[in-house]
Amino acid sequence: MAASYEKRGNRLLPLDDIVHLAITGIAQGCAYGLIALGFVLIYKATEVVNFAHGEFMMLGAFAVLAFSEALGWGFWPAFVLGCLSIAAVGYLIDATIMRRIIGESQASVFILTVAFGFIFRALAGMIFGWNTRSLDTPFDGKIAIGNLVEINSDRVAIIVATVVLVGAIYLFFGRTRYGVAMQAASQNQLAAYYMGIPVKRLVSFTWAIGAFIAAAAGALLAPVTQIDTTIGLLGIKALAGAIVGGFGSIPGALLGCILIGVIEPFADYYLPGIKGVSAYVVMLIVLFVRPEGLIVQTYQKKV
Amino acid sequence: MQFLFKTAYNDDIRFLAKTGEKIRVAIAMLFLIAAPLLLQDYYLAELGLLLVYAIAGVGLMILTGHTGQVSFGHAAFLGIGAYTHSILMSKGVPFSVSILITVLFSGVVGMIIGRSASKMFGFYLAIATLAFGILIETVFGEWGGLTGGYQGFVVPSLKIFGMPLGEAWQQYYLDLVLALVVIWGASNLFRTPTGRSFLAVRDSELSARSLGVNVEWVKIQAFGVSAAITALGGALLAHHLTYLVPDVFGVLESLKLMLMIVVGGLGSILGAVLGAIVISILPVAISFLKDVLPPSIGQTAGLEPLLFGLIIVLVIVFEPLGIYGRWMKLRFFFESFPYYRKSSFVRQKSYLKTERMR
Amino acid sequence: MRAAQALQVRNLSIEFGGVHAVEDVSFDVEPGETFAIIGPNGAGKSTIFNLISRLYTPTAGTIHYGEQNLLELPAHKVVHTGIGRTFQNIELFEHATVLQNLLVGRHCHMQSNPFASFVFTPGLRKTEIEHRRKVEDIIDLMEIAQYRDERISDLSYGARKNVELARALCTEPSLLLLDEPASGLNNEETDDVSFWLEDIKHDLGVTLVMVEHDMNLVGQVADRVMAINDGKLLIIGTPDEVRENPEVQRAYLGIAE
């Protein structure tokens, strides 16, 4: 996409290029958003920020690859199984480790999740090798929008998947018993226990859901980024996006990520020095101007 | 059992109040001062490096362990210290003046950051400081004219008051003296109102305010003090590295600093020192393991980060108070023997109360 | 210690997103008296305290302590006017020792800066010892000497309540806001509290304003009582007057009509 024209400095792009960049940006933002979704879910449930969430995405991509290559299965079965297996990993992480450190200082918990990141990356490399791999998906070809522009179907798939998954999450948390129970547990665990809510299991389940979504994002993004051990670092950008939108809310996080996804290619075009850090610059600007993000989630403590 | 008979309040606030402490410190001091006689140059330099990291760690500890402000980009201050000092010395500024300017400059930068940081809390602060760290690293790289950019910057050789400190033991004593000053000063800080106000902000901003503590100002001060001390570490680090590249002061370094204070034990100055010891020993331990394990495991590329990560996880899960915590428990065991009860240190089961109500 | 002054609250109101937590409340507290605020949970009692301590900003109304308009001050300057407070859910410094907590209580009377602290100047050392003496006096008064070097996290609930009160006393207040000083305490401990309150009042001349549910304690120590419900003022009077007021009985004491 970017190879078809040279950087022309400050001249305006033609319309179809703008639309192309914008839609690709939205797709990228949706991918960030899916990762951020997992972040926010886990944060809402446990107030833990999982710095290693991007690694779930990386592991998911590898898992799907493994299932489709090693077992010779088609994309969809491999996809489902791959994501489920990473969901299981997420569950285990919470059940065995995170449960034990409830109440520890935030700094300790951050470091812990960063350490997870190291471990996952190293393990992935040791198991799957350090080379870049690619994944065959059924999303070849392009889709035309009117006669304006052509988009790769894999990008479209990401956008569609995001819509579907976000919708599902929303319904789940708002309408089902489990969802409401999870919200209760996230606000006051002790009280939730008294209400007979199996808090620990629900929390682990939340980790599982978050991991599943990240894994799905990984697999869907594979045609774009290819698969190697470093793709998980996109997670940090997803984090930035979630902050821009307001970390406590799902629509906010998604919004922020899409915003970042769209801004990045344009920033890269007009301000070449910025390179990969435009996401962080936007985030810092938002943090200074409106620290709560676009949608506020803190209330004053009642003393 | 240790009985403490204090006869004056002065006793209580003296630097080393208990006899046991005095003995331990004396032994440690003996070893540290005699080190150049006992160790070869290579190990002496490593010990000096450890002391330098201890200084940087104390800086971060004051901010995170004592004031509760997480900082994930602290290597930025390490870098600011290193670059500022090296650049000044390369322009002919004498060592002592350069150090002074570096420390003050970094303190001011810290205070500016602190002003913005005081509006954020918890993990917003963490990610903002992370972003700050990344940005500063980029600045070091892009501002080639001043810092040598990605090509690197040669650090002028060490000279105090015109006297060159070319020998390993000379540099070592410099590191030692400054490290001791920093440790002593930081301990002083927390026996005075200023330091206590830091602790107050960490534990309860609300009641701190009602007791007259200006919370925003405390955070600014904490950032300033922390930045200044860490920058001092950075300046000394420059003389160990002799050649500066922006990479060295990136995210990985910030994480190392964080690791140091968490493993050492949040909230204690000694913890920063213990953490520095761990950080210095870790690479040695890992390469040792690499030789011992069968080649199929030992030689794979990912082993170091894997072990790094595993150790962090193990420490945090099993001893969240860090090494200092374990040390305290050990001492308590010896002091109250044979009345020691395991339940003295049973961790209270704590339930998560949302931090969204602050 | 500063002389006690009159607290004047007029038309105080605050809204949280549509909910009128406190609506048009006015009252006076005379210097040296013991003034109790009662009302069902959620009536807005602690909110009034938070408004006086300037942790919240009212949407309407004024608060004066003596000549000083409190609304002009940021939260951390309130203690300098002589107003101290305790919190309903104990807000002690968990990871610090009792002594450190109490010394922070002296913060408003101490000057220090990072430079002086770093080298621990002799001047600073002298101030430390001076204030340590004052703190020890309070420790004696509140009988918490055995906890001096313990961390708060190791203390029982009753002990923490005492430390919280002690810490507020360290600021040498002329007016003390006590938020539920007896909550969670058994009868014996509550009696201790009432003795201490009497001591504080008579020996130190402190004005006491307390939020309390324990009607016995209120009856014992309070000179006047204000009853609140749903953020609105019901009545101000002597404990007996308030107890016999039908509206109060209906809203709070649960006595059927």
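The first chain written gets the first letter, and so on, giving A, B and C; residue counts start at 1 in each chain.
Everything below uses one rule, namely that contacts are C-beta pairs under 8 Å (C-beta built on N, C-alpha and C of every residue); 3 or more make two chains touch, one makes a residue touch a chain.
What you are looking at is a predicted structure, and each value in this text was computed from that prediction instead of being measured.
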**Complete:** Of all chains shown, the one whose Cα mean is least distant from the combined Cα mean is B
**Request:** Give the label of the chain whose average Cα location is farthest from that of chain B.
**Result:** C
**Request:** State, to the nearest whole Å, the distance from the C-alpha centre of chain A to the C-alpha centre of chain B.
**Result:** 33
**Fill in**
Taking each chain's mean CA coordinate, chain B and chain C are separated, in whole Å, by 39
**Asked** What whole-Å value do you get for the distance between chain A and chain C if each is reduced to the mean of its CA atoms?
**Response** 47
**Message:** By the touch rule stated above, which residues of chain B touch at least two different other chains?
**Reply:** 206, 348
**Prompt:** Residues of chain C that touch two or more other chains: which are they?
**Reply:** 55, 87, 91
**Asked** Mind pulling the chain A residues that touch 2 or more other chains?
**Response** 300, 302-303
**Request:** Spell out the part of chain A that touches chain B in their complex, as residue ranges.
**Result:** 46-47, 49, 97, 100-112, 114-119, 121-123, 125-126, 130, 186-190, 193, 236, 239-240, 243, 247-248, 273, 277, 280-281, 283-284, 287-288, 291, 297-303
**Fill in**
Seen from chain B, its contact residues with chain A in the complex are 64, 68, 70, 72, 116, 119-120, 122-124, 126-128, 130-132, 134-135, 138, 142, 206, 255, 258-259, 261-262, 266, 300-303, 305-306, 308-310, 312-313, 316-317, 320, 348, 350-358
**Fill in**
Residue set of chain C touching chain B in the complex reads 53, 55, 74-80, 84-85, 87, 91-96, 100, 103-108, 110-114, 116-120, 124-125, 128-129, 132-133, 153, 167, 171
**Partner chain C, residues of chain B touching it in the complex** = 9-10, 12-13, 185-186, 188-189, 191-197, 199-200, 202-204, 206-215, 221, 224-225, 267, 348
